[in-house]
Amino acid sequence: MNSPILLQPDETFILNVGPQHPATHGVLRVKMEMNGEYIVNAETVIGYIHRMHEKMGELKTYPQFLMNLSRMDYLGALGYSHGHVLLVEKASGIVVPERAEYIRAIMVELNRVASHLFWFGAFVMDLGGFSPLMYALQDREHILDMLESVTGSRLTYCYFRFGGLCNDVDDNFIKAARQFIPRMRKSMKKYHKLVTGNIIFRKRLEGIAPLSKEMCRKYGASSAVARGSGINFDVRKNEPYSVYPEFDFDVPVYHECDSLARYMVRMDEIEQSLRIVEQGLDKLPGGPIMPDKKPKLIKPPVGDYYQAVETARGSFGIRLVSDGGKNPYRLKLRSPTYSNMHLFDEACQGMMIMDALAFMGSLDLVIPEIDR
Amino acid sequence: MVAYFTEIYTGLMSLFIGMGITFKEFFKPTVTVAYPYETLTMSSRYRGHIELVEDEEGNPQCVVCGLCEKACPSDCITLAGEKPEGGKKKVLTKYMLDFTKCSLCGSCVESCSFGAIDFSKEYNLASTKKEDFYFDLLKRLEERKK
Amino acid sequence: MRLTLLNVIVAVVLAIAFAALNAAYLVWAERRGAARIQRRPGPNINGPFGLLQPPLDGIKLMAKQLTIPGGADKIMFITAPVLAMFPAIMSFVTIPFSDSIVAKNMSVGVLMIFAFASMGSMSLLFAGWSSRNKYSMMSSVRAVSQAVAYEIPMLITAITVVMIAGSTDLMEIVHQQSRSFLHWNIFPLLGNSHNILMPFSFLIFFICTLAETNRAPFDLGEAESELVAGFHTEYGSMGFGLFFMGEYANIVIGSCMTTILFLGGWGCPFGLFPGVWWFILKLYLLIATFIWIRWTFPRTTIYGLLNLSWKILIPLSLFNLLFTAGLIKVF
Amino acid sequence: MICEKIQLTLSSLFPESAPLPPEPESAGDEKDKKAKSPLPPRQDGLMEREYLVHGYHLDAQVSPAQLVTAVTMLDEAEFFIESITGVDWIKDNQLEVVYDFSRYDFDLCRVVIRTRIDRKSPVVPTITNIYPGANWHERETHDFFGIKFAGHPHLIPLLLPEDADFHPLLKDFKA
């Protein structure tokens, strides 16, 4: 497939993949210069769902911006909120009760499983298999039910507060989560049998779209894109935050650099997230979920703050430039898929279109998160 | 040559395993809910649009402090009140919720220290008209009383 | 049976009715089956078990406007859906459902059906080329290379069966297998050949049928996640409807052929209740497998598909052909 | 380890000045005073930051001319690019471009490179030839702040519409 083909520049044509195309999962557009089935050049055009969250961050007060973060990435919303609250707490010196941090970690990990499950289904659907999506959604639905029972919403949560949480978890949630973990593990076995082992699936991914370590570094790739290329990088381990140092979990790393490696990383991550949830439920301390002392008005001191967290899609960074006022002076959201997607233009050159779209699926794109 | 046949064999087997799984799934009961013929009850923390809470006498508990209005990130809430003659407390005269802009973040409910607003459990909100989503919560409260 | 004009008309009308009814209700079956596999109910609102869904869909499609994209080749664009349906219906004419139920048995039945089957890819080529859409064009190019690649192993396997039966007459092929179900061509030990490789032949033929009918996992022509809808992207209304019906009619033809060539046609195991229902039963079991496969597997790639054909199916079927020829010579 | 090393390398960019003392952290009571008398714009130089407070280790402000050298140093030390963004310091009449770098290994070191330019003619050299991944980040910064990246291969609006001639994150932007 990757055989060198004679490229005749005068015989190419432009194929417009998107903004409405089944494989682009939203409004992403890729202008592909094609030679037959082969891609000669690709230019990704983004910004179709750009909402200028950063300006909103400047115009709103700190608490008012809380709910915007979950609108960035609608599949793994809690991870982004986590970064935001951690940053503001760090900047303004709010101490979070331990229980709140544990609950946050549990929620974020459950949300990560939900996000990966959706990605798994959508990815297999990109490859033409429809049923795994439905199975994945069934499992995801359990997570959403649990999250809804705690946070009140199913997708765009507004759950974390500066200093803690808005709701405590109840016994029902803990019971449901404990029941969920073995069920999910059983489902994972099913997925591995149905999809991972499948020869058609493997043939489509093995050796496709190799990304070198160097390329990942030059583009700032993170999450499974980096870890599938043999880079042991997970913000939860490299730059421990919240209560993650308390948990015993592994970072799956694959060295094959291909689409299958990226797939395997995410599938293994589901298991690791389940482990974190399990330990979190075991260790969950009692106590309050909001600190006793909390400033009435959040006004971080003058300065420049940065916080990175590992969301379902990779290393999410958030930078706050504060002038001491009640609005941020500047709020920069570094979205992980923005960097991961950027790889696509260079990496897909010389690929066939169906491999390129499978590769695009393996990047785990959420377009609103790229465009912000 | 051996590798060639092993690959064919393992490949075929993997296909049969996959078909076995879907075969088993075929006989399992369905998991979906046939909305709108059946509906689920919303969880107790479900966040619908906000609704005024009444006290024992059926009057809104709101004291017209305007904190919810300030807390709202999207300026959905407009409220007004006036002091009746001889009364001590302000009485709510108008409470409008522009649900077209609301993102159900719950800032208003949290900001209220009097427990005067709460989330409704309503989710069947569909309309072809934008005007249907400008809620007059005071009117809704009175309708509920009847 | 004497060939009269009336006979032909009745046969064609019946064939069209059979094809259309099958197409309509196979869509229903496919949707219900897929839904069951995915643990959904599927279409269940219109009529009992949603059985009114296909006619209502048909009415909807017919009520729609047939649009022709600007700059499209009009003649080809209109011919293509007709071409998709026509060979399938023509093939029904010569398929023997039982001893007596056959419109016109021909001594070259196998050849005729394969000749019509290869016309199917013409319609895809026409549709893709005339639509003036890059996705459609890529899809039609894929469809043709796929058809070329899969007709070879399919024909070789069919020739193996023809060699065993010693005839290209479909009736004759079934009669050869009719003694007991151990004489079916799929089972090696009794029968004419004693060929232990016949189950593999059956598998090869089945895979080729999947590929020939553009069914998942070989639905590269359609490839909805890559080429939007492939060759019928630009078709709406009954143009799309005909492609849809053509696809299912082709599935029926393919399953009929598999039944006749390998599963003993209307032959029944142990002489139980002989009759046309055995043919129907085998036919629909095969179609169910088609549906089952579609909702289980992801799609192959175009090179994976060609590799499978040229590197695995063609060598194996050629080997089987030679092996069978040797066996026939020996016994 | 790597932090000290890269600090040493980066400090070679500022031969004349000793490393700046860390900025005095503003305590609560000082805050009001500060708001009234704004600090003068920060001078170029290398600063060590308290990681637990700020979330990064090294903070180097370089002149636009030194930018490519500084980024090359980081590239050679195998840093990956995290993001590029801008800050509009309208009071100082300056725009700041902020480059975030981090590492893949466990030798944690986050480096921030900043450069300040005049608001009237905001031009900085591109780093796309060192980090191809900077392409989109620079385009985005150009969208939002109107900062021109000299030598950028394809500096057209990325997130904003193709014909956008406004820069929404400038403080004097009115929608």
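Per-chain residue numbering starts at 1, and chain names A, B, C and D are given in the order in which the chains are listed.
The rule is short, and it goes like this: a contact is a pair of C-beta atoms (placed from the backbone, for glycine too) under 8 Å apart; a residue touches a chain by one contact, two chains touch by 3 or more.
No experiment lies behind these values; they were computed from the predicted model shown.
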Smallest number of contact steps required from chain B to reach chain C: 1
Given chain C and chain D, the chains that contact each of them: A
Innermost chain by mean C-alpha position: A
Greatest separation from chain D - chain, by CA centre: C
Whole-Å gap separating chain B and chain D, where each centre is the average of the chain's CA atoms: 42
Chain centre separation in whole Å, for chain C relative to chain A (CA means): 43
Centre-of-Cα separation between chain D and chain A, whole angstrom: 26
Chain A, residues touching no fewer than two other chains: 131, 135, 138, 194-195, 198, 200
Junction residues of chain C, two or more chains touched: 37-40, 295-297
Multi-partner residues of chain B (each touching 2 or more other chains): 12, 15, 18, 21-22, 25, 31
Pairwise chain contacts, counting only pairs that touch as defined: A-B, A-C, A-D, B-C
Residue ranges of chain B touching chain A (in the complex, touch as defined): 7, 10-12, 14-15, 17-18, 21-22, 25, 31, 43-47, 71-73, 103-107, 110, 119
Touch list for chain B against partner chain C, complex: 8, 12, 15, 18-19, 21-23, 25-32, 34
In the complex, chain A residues that touch chain D: 46-47, 50, 52, 54-55, 58, 87, 90-91, 216-221, 226, 231-233, 237-239, 299, 301-308, 315, 317, 319, 321, 323-324, 329-330, 332, 334, 338-339, 342-343, 346, 371-372
Footprint of chain B on chain C - complex, ascending: 33, 35-41, 44, 203, 292-293, 295-297, 312
Of all residues in chain D, those that touch chain A in their complex: 23, 25-28, 31, 34-35, 52-56, 59, 78-83, 85, 87-88, 98, 100, 102-106, 108, 110, 112, 131-133, 135-136, 144, 157-161, 168-169
